[in-house]
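Following this line, the structures themselves.
Each of the two complexes below includes chain A, the first together with chain B, the second together with chain C.
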Partner chain A sequence: MNAILKTIFAKHQDRPGALLPILHDLQHALGYVPDDAGPLIAKELNLSRAEVHGVITYYHHFRRTPPDRHVVQVCCAEACQANGSEALAAHAAKHMRNGEVDVEPVYCLGLCSIGPNIQIDETELHAQVTLSKFDALMQELGDGK
Partner chain B sequence: MNDLDYGTPAVDSTREVTLNIDGVSVSVPAGTSLMRAAVKAGVMIPKLCATDSLAPFGSCRLCLVEIEGRRGYPSSCTTPAEAGMTVRTQTPKLAELRRNVMELYISDHPLDCLTCAASGDCELQSTAAQVGLREVRYGMHGANHFVAARKDISTPYFIHNPAKCIVCNRCVRACEEQQGTFALTISGRGFASRVTAGQGESFMESDCVSCGACVNACPTAALIEKSAVKLGSAERDVITTCAYCGVGCGFKAEMKGTQVVRMTPWKDGKANEGHACVKGRFAWGYATHKDRITRPMIRAKTSDPWREVSWDEAFAYAAKEFRRIQQKHGRNAVGALVSSRCTNEEDYLVQKLVRAAFGNNNVDTCARVCHAPTGYGLGQTLGTSAGTQTFKSVEKSDVILLIGSNPSEGHPVVGSRLKRSVRAGAKLIVIDPREIDMVTAPHARATHHLKLRPGTNVAMLSALAHVIVTEGLLNEQFIAERCEKQAFDDWREFAARPANAPEAMEAVTGVPAADVRAAARLYATGGNAAIFYGLGVTEHSQGSTAVIAVANLAMATGNVGREGVGVNPLRGQNNVQGSCDMGGFPDIYPGYRHVSDSATRELFEKAWSVSLQPDPGLRIPNMLEAALDGSFKGLYCQGEDPAQSDPNTQHVQAALAAMECVVVQDLFLNETAKYAHVFLPGASFLEKDGTFTNGERRISRVRKVMPPLAGKADWEVTLGLAAALGYPMHYEHPSQIMDEIAHLTPTFAGVNYDKLEQMGSVQWPCNDKKPQGTPLMHVDAFVRGKGRFFNTQYVPTDEKVTPRFPLLLTTGRILSQYNVGAQTRRTENVQFYGEDVLEIHPHDAEERGIRDGDWVGIQSRAGDTVLRATVTERVQPGVVYTTFHFPESGANVITTDNSDWATNCPEYKVTAVQLVKVEQPSAWQMRNAREDKEQKKLLAGAKR
Partner chain C sequence: MSVTVYVPGDAAALALGADKVASAIAAEAARRNEKVNIVRNGSRGLFWLEPLVEVVTAQGRIAYGPVTVADVPKLFAADFAQGGKHALHLGDIETHPYLVKQQRVSLRRVGITDPRSLQDYLAHGGGKGLVAARAMQPAAIVQAVTDSGLRGRGGAAFPTGIKWKTVLDTRAAQKYIVCNADEGDSGTFSDRMLMEGDPYCLIEGMAIAGLAVGANKGYIYVRSEYPHAIAALDAALENAGEWLGDFNIEVRMGAGSYVCGEETAMLESIEGRRGIVRSKPPLPAISGLFGQPTVINNVITFASVPDILAQGAAFYSGLGVGRSRGTLPFQLAGNIKFGGLVEVPFGATLRELLYDYGGGSRSGRPLRAVQVGGPLGAYLPASQFDTVLDYEAFSSIGAALGHGGIVAFDDTVDMAKQARYAMQFCANESCGKCTPCRIGSTRGVEVIDRIRAGASEQIPLLRSLCDTMTHGSMCAMGGMTPYPVLSALEHFAEDFE
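Our next item is the complex of A and B:
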C-alpha cells in the first residue's frame, strides 16, 4: 500500500484539496481505503487522522474493508425508483453472496431516462435492467468469475 | 458556573453599525453577528451550536430571526449586523419554529435530567425551557442514539457519553479552533453522524491531548469532567491563576465548601482567554494528595528519623542552627533559594529574610538554571529582563520564529495560540534539533524546520544575521533611530564576516545553507516577525550569547516595539518571572537594581531598618561548591528541588550532604528533603493569597479557596522563621507585602490588590507613567535608551562528541508532566506518561542493537543511568533525547556542570554520551532506590 500511496501522492502533489482525489485513486487501486492509509494520508496533507476519517466515513462510496469479488450498484435515485428500481434492488439482494457479490445502492448513474440502471464493478453500466436481465448478468458474472 | 455567553466571538473593528433589535437600538463593531448584537441589546436568542469561544457555525437552527425586508428566517449567529437593520427575535412564527426544532432534539435525548451530572448546567435543558418546549409529539420510541450508546471513560479526567450528544459540533470545533489538535471529527452522515475521536478509537488512543476545550464547549453532559460527575455541581467559583507553567492561565476554581469540583479556564483571563491544558485544567489532585506533609518536622542528622514538632519548635530549631553556623563559619555560611512556584509576596519575603536577617546576599532562584541568560541578554541589549509583548500579540504576526522551545508540550496554551496564527496565515520557522509537534501540526505546518545540532544555536543565529546584513535586509531606519551606532557598526562588520555565512556554518549546525538563507529572508522581509524561545536557547554554555543574538535579530529587522513582533521568552514556571522581579538573585534587589548601587541599598536599609551588604552573594552553583569546600553550611530552600532539577545530581547530593542545616519548605518530601534537617510544610496555590507574574510580565491574583493543610501559607512560614531569627516582619495579609514591594520598586509602584481586583491583571511596569500597566514594551525607545548590539562569536561547547561519548544527549519536557514532576506525578497524568524514556534515531539504535523498549545504559563523564529506549525519527542521527520528570530516571546524573559563561545557567541541553544495552538499573539508580526507601522509613516514624 505504501508504494501505491507514494505514487498517488506524487500525482496529486501541490494540488489544493487533494484528499478526495487521493481517496478515489486509492480505492480504485485497492478496491477500498484501508484504515492504515489514514495516518499516511493525514501526514502527507498536513491534516489530522480524525479529519481524514471524517471524510472517508461521510461518503458511502468509500469502503473501509476489501470488497467482494464483484460489486453491483443498483441505482435508487428518484428516476430509477419511478421505473421500478426498488423491486430490482430487493431482487438483487437475493444474489448477494459473501465474498463473491456485493449489492449496494447508488444514487444516480446519470442515465435517468433509461432506468432502472445498475453498474457492475464500477466499470460496466447497464440500462433498463429487468429482473430477468439482471439474472442473466449475474449468470455471466458467475461464469466469468 | 457559566459566564455570559455572547454566542459568537467579539469582532475587532473600528467601524460601528447601529441597528434595531426587538425595538432596542444598539451599536456594535461592523461584522458582529446579530446574536452577539442581541446580547448587547439585552436579548438572549436561543442557541445550541453557538458559543463565543468558537466561530459561528449555523447548524442548530434555533437562533433563527426575522429581518425586516428580507425573506426567510436567517440564523442570527451567522448573519452579520448591518446598519439600519430591524431585527425581530421573538415572534409567534419564530417561537413555533424553535419549539419544533427543539422537539426533534429532545426526541433523541435520554430524559434522565434528574440524575444527569450536567443538570442545572446544561444548555439543552435551559434552552428547552427558554423555547417553552412542552411536548415531544414524536414520542421517544423511534430510532435514537441513546439506547446502544457506549460511554468512553478511557481518559482519566472526563467521560464521553454519546447518548447525550446532540452533534452540535462544538467539541470538534473547539479541538480545531482553540486547541489546534484536530483530534475529533464527525463520522458518518445524516442520522449516523457521531462525534468520533481519531479514526474511531477511544479518546485516549486518539491524538487527544486532554486540554478540556471540548468539555468546556459541550452544551450537555456528553463530555463532562469525572470530578463533576462524582462531586455534583459547585456552589461558588473563585478566580485564580494556574500554578504550572509560565503562561499564567486564569482559572475559575469551582468549589463546594473547601473541595475543588473542577478548574475551568477563565474566559477573561488575558493570558489564556478561556483555554487551558491538561495540567492546569485537570491535574490539581496533587494538592490534596496523601503524600502532602502537613506537620513541621526536624532531625539532627539526615540518617535520623523525622520527628514531628510544633511550628514554633521548628522555627526555633532552624533559627538556632542558622545562627550557630553563622557564628562558627561566618555570616556568609548560610543562604536561601527563592521558589519560582511561590507567590511574588513570598519570594520577596525570602530575599528580604536573607538580606535583612541572614545579613548577606546569598539568595538565588531556580531561574539560575533556566532563564537567567534571558535576564542578562535582554537586559544588556534592550534594557529589560523580560518579554516584550503580550501573548495575544502573536495574532498580528506574519512570521513566527520559534527557537529552542517546544510550546505544545511545555507551554500548551501559547502553543495553541501560535498554531492558530499559523492557520490564519502566519509563516512559521522552527529551529530545533528535534521534529517537535509544531513542525507538522495539522493545518499549521512550519515553512522551515532548521534541524540543527544541539549546542549550535549561536552559530545558527549568527548565520541568520549574516544573511540579513549581507543581503541588504537590515531595517536601517529603525537601527539609526533606535540603536547605538558604534555597537551596531561593530556588529554589522562582525555578522558580515565570511566565517558567519550559512555556508561556513553548515558544517557546524548541520543545516543546509540554502534553508538558513531562506529562513533569514522570510524573517526579515515577511512582515511582522515575532521570536519565541525557551530553555533550548538559554540552557547552554553560550545561553546568554544566544539570547543576545535573538535580540540582535529583532533590532536589526526593526521587529520590536509594536504588536505582532518582539522577543518572547517562554518562562518555565508559574512565577519564575516574579521570583526574578522580586530580587531572587544574589546581585539584585527587587526591580533588577544592583546591590552595589548605594542609592537603592539605602532605600532598602531605611525601609527594613538594617544595614545591607553591598557585595553580591553566592549563586546556586557557588553555594554548592562552597558547601563542598566547607564554607557554606546552611540552606533555606523554599519550594525548589535542586537534588532533582539541577545538573550533575551526584555533585548536588554531595554538596547537600556536606551542609549542617538544610531547611526544606515544600508540599512533599522531595529529593532535596532527603538531605534536610528541618521540613516546613508548604501550601499549594489553592491555599493562599498572592500574585504570580507570567512570561508576559502579567501580574495576576492567586486566591485562597481552602485553608492551608498545614495551617500556614508559605508567606506565614517565612514570617515565622524571620521572627525566630530575631527579625520579625509584620504583615496581616499578602496585599500589605505587595504594598511594600510597590513602595520600594519603581516598576511596581502602581500595583496593588485593589487595582488587580478591578483590572483582573496588570503587566509591569505599572507606575505613575503607566497606571494601567505596559502590555507592549520599547514602543518609542528602548528601556535602556538606545538598543545595543553585541557581537555573538560562536564558541563551541567543551561538551563535544568523542569516540568514547559519540552521541549528544539533549533534554526537554512532555505535555502531561511538569518539571520535576512532584505535582504531576501525583495525579492521573501518569497515565499519559509514566516514565522518562530515551528517544534514539533508528540508525543509532540499530548500530547498538537497541530495540524499542529495551533498557539502555547512558554514560556521560558526569555519571550514568538507565532508561527505556524509544526508537523514533523525531530525533536526528547522533542525537538522543530524554525528559527529567521522574527522580528515579536520574536524567541529571548524566548532565554535567558546564554552564553559561555569564550566568552559570547549566548546559542541560548538550551532554556527550555513550549508550549500551543493559539488563539492570545503574549503580546510582539502585543506590537512589535504596536511599529512597530508607528516607520513607524515616518519615513513617515521624507521625505522632
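Our next item is the complex of A and C:
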C-alpha cells in the first residue's frame, strides 16, 4: 500500500483540496480504503488523523473493508420505487452471498424513466430489471467468476 | 464506402444494452465485409426507443429502435445502411411527435453530435458564444446574461446575472467558476444527458463565465454515481486543445453524499472536507471556494449561456412566461409510458407533459400522485395537474419546480409510506450541522410510523415538526423535506388514516 500511496501522493502533490481525489485513487487501486492509510494520508496533507477519518466515514462511497467479489447496487430512490424497486430490492437481498455478492441500495443512477435499475460493480448498468431478469444477471455473474 | 452508424453511449442506452448492440453491428459488418464507422452519440431522450440506432443515408439520418442484439443481422439483411424498411424503422427521428413539439435550446445537440469531438461541436453551432464573449467587456457579458432572464436551473432559480455581477464586482486575485453537477434528485437526468451527450456546451458556458467575472480556473463537481459523465467530460477536456485559452477546468468526483448538491457543502467537499453546509453569509459569490469569489451554477444554467451570447439575450428572454424565461429540460420519470427528456419553454402544464408526452402511466393504471422537483419536492394530486410549469405558479401552491424532474406514481402508491421515505432519506443524508434537520428527520420517521400504526392524533405534531424544520434548517435539505411530507398529508389524507 505504501508504494501505491506514494504514487498517488506524487500525482496530486500540487492539487488544492486533494483529499477526495487521493481517497478515490486509493479505493480504485485497492477496492477499499484501509484503516492504516488514514494516518499516512493525514501526514502527507498536514491534516489531523481525525479530519481524514471524518472524511472517509462521512461519504457513503468510501469502503473501509474489502468489497465482495461483486457489488450489486439496487436503486431505491422515488422514480424506481414507482416501478417496483422495493420488491426488487427484497428479492435481490436473497442473492447475497458472503464474500461473493453484496447487495446494497443506491440513491439514483439517473436512469429514472426506465426503472427499476441496478448497477453491477460500479460500471455495468441494467434497466427495467424484473425479478426474472435479475436472476438471469446473477446467473451470469456466477458463471463469470 | 464506409457507412456511419450512431449508437448512443448515454448511460440509459447502455443500461438497455447499447454496448452489446454496437459490438454486434461491428461484428456483423465485419462478417459481411462491409465498412461501418460507429459513433457513440448522446441520447435523443426517447428512452422507450433506446437503444436508438441511426444510420446516415443519402436521405439523411434514419432511426431504428429499440434495437436488440438479435435484431442486428436482420437490420443488415433489410439493408438498413440505405434506410431499408424494417419493423423497427422510425424514419427521421426529428420528425417524431415527441421531438417536433419540443423546443430544445440547452440540449439541442445532445444525441446529434459526437460528444468527444470538438470539431463536431463547432460544426453544429457550438463555440459561437465564446467567440462573441471574447469580443465583449466583462460587464457586457454579465449584462447579456442578466437581460436574458436566465435563472439558476439547479432548483433555486436565482437570477444568474445578479450572481455573476456580484463576483465581477468583488475584487480578488483569484476567482473560481464551479459547476454543480451533483445531480442527486431522483427523477432528474438532464445534467447527466448533457455531460454525456454534449460536454463542450457546458465547458463553453463555464469559459464564458470565466471571461465575465475574471476567473481562469473552473471545477466540475460530478457525483460518483455518474462514471460515464465523468469519462465524457475528461475526454472532452482532453480533446479541447487550445480552444479554452488560459481557462482551465478540473473534474472532481463526489463520493455518494446527496447533501453535497447544496452549494456550500459542495465547496467543502472540493476543498477536501466532509460535505457540511456552511453558514451564509458570506455568499459564495463573495467568499466561496478556498475563500475566493466563486460563481456556482448548475450544468443546465451554464449550458444555456453559449446560446444567449451567440443569439442575443432577447432570443432567450423571448421564450417562457412571467418571470420564468427561456426553456427548462423537463425529465419524465417513474411510472410513465413514454419517459424521457422534454425541453420546452416555461408555460406548459403538468398535464400536457404527463399525458401528451408521457402517455400516462406505464402500468396502465390511473396516475395518482406526481412528485416534481426531486426528493425535496411536493407530491401533486390529479387536481393540480393543470398547474402551469413556471417557478412562481409552483411556489404559489406550496410546490417547487426544482431541477425539472417529474416522477409519476399510479394508484397503488401509499402516500404515507412516501412521506416516511422523505423523512428517512433526510435522516440518512443530513450533514448533521443543524438540529432541525439532523434530529427532526429521525423524529419525523418515528411520528409517521406512529400515525401509520393508528395514532392519528399525532398529525398536528408532525405538522409542528415540519414547521420547525422549514423555518429552522440551515439549507434546503431539512428546510424542504417537509414539502413532500406536508403535500402527502394535505392531498392524500386518506392514506394516513
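Operating definition for what follows: the second predicted complex is superposed on the first by the 145 of 145 C-alpha atoms of A that agree within 3 Å, B and C clash if a C-alpha of one lies under 4 Å from a C-alpha of the other, contacts with A are read in each partner's own complex, and residues count from 1 in each chain.
Operating definition for what follows: contacts are C-beta pairs under 8 Å (C-beta built on N, C-alpha and C of every residue); 3 or more make two chains touch, one makes a residue touch a chain.
Remember, it's a predicted structure, so these values are computed and weren't measured experimentally.
By the touch criterion defined above, A:Leu30 lies against neither chain B nor chain C after alignment on the C-alpha atoms of chain A.
After overlaying the two complexes on the shared chain, residue contacts for A:Gly38 are found with chain B alone; chain C is out of touch. By the touch criterion defined above, A:Tyr58 lies against chain B and chain C together after alignment on the C-alpha atoms of chain A. In the superposed pair of complexes, A:Ile120 makes contact with neither chain B nor chain C. Between chain B and chain C, C touches the greater number of residues of chain A. Within the superposed three-chain model, A:Arg49 lies in touch with chain B and out of touch with chain C [touch as defined at top]. Shared contact residues of chain A with chain B and chain C: 51, 54, 58-60. Contact residues of chain A toward chain B in the complex are 35, 38, 42-43, 46-54, 57-60. The touching residues of chain A, when paired with chain C in their complex, are 16-21, 23-24, 45, 51, 54-55, 58-62, 77-83, 106-115, 117, 119, 122-123, 125-128. Residue ranges of chain B in contact with chain A, taken from their complex: 181-189, 196-200, 206-207, 440, 442-445. By the touch criterion given at the top, residues 11-12, 14-16, 47-48, 50, 183-189, 192, 224-227, 252-258, 269-275, 290, 331-336, 339-340, 362, 371, 375, 405, 407-410, 413, 418, 421, 425, 429 of chain C touch chain A in their complex.
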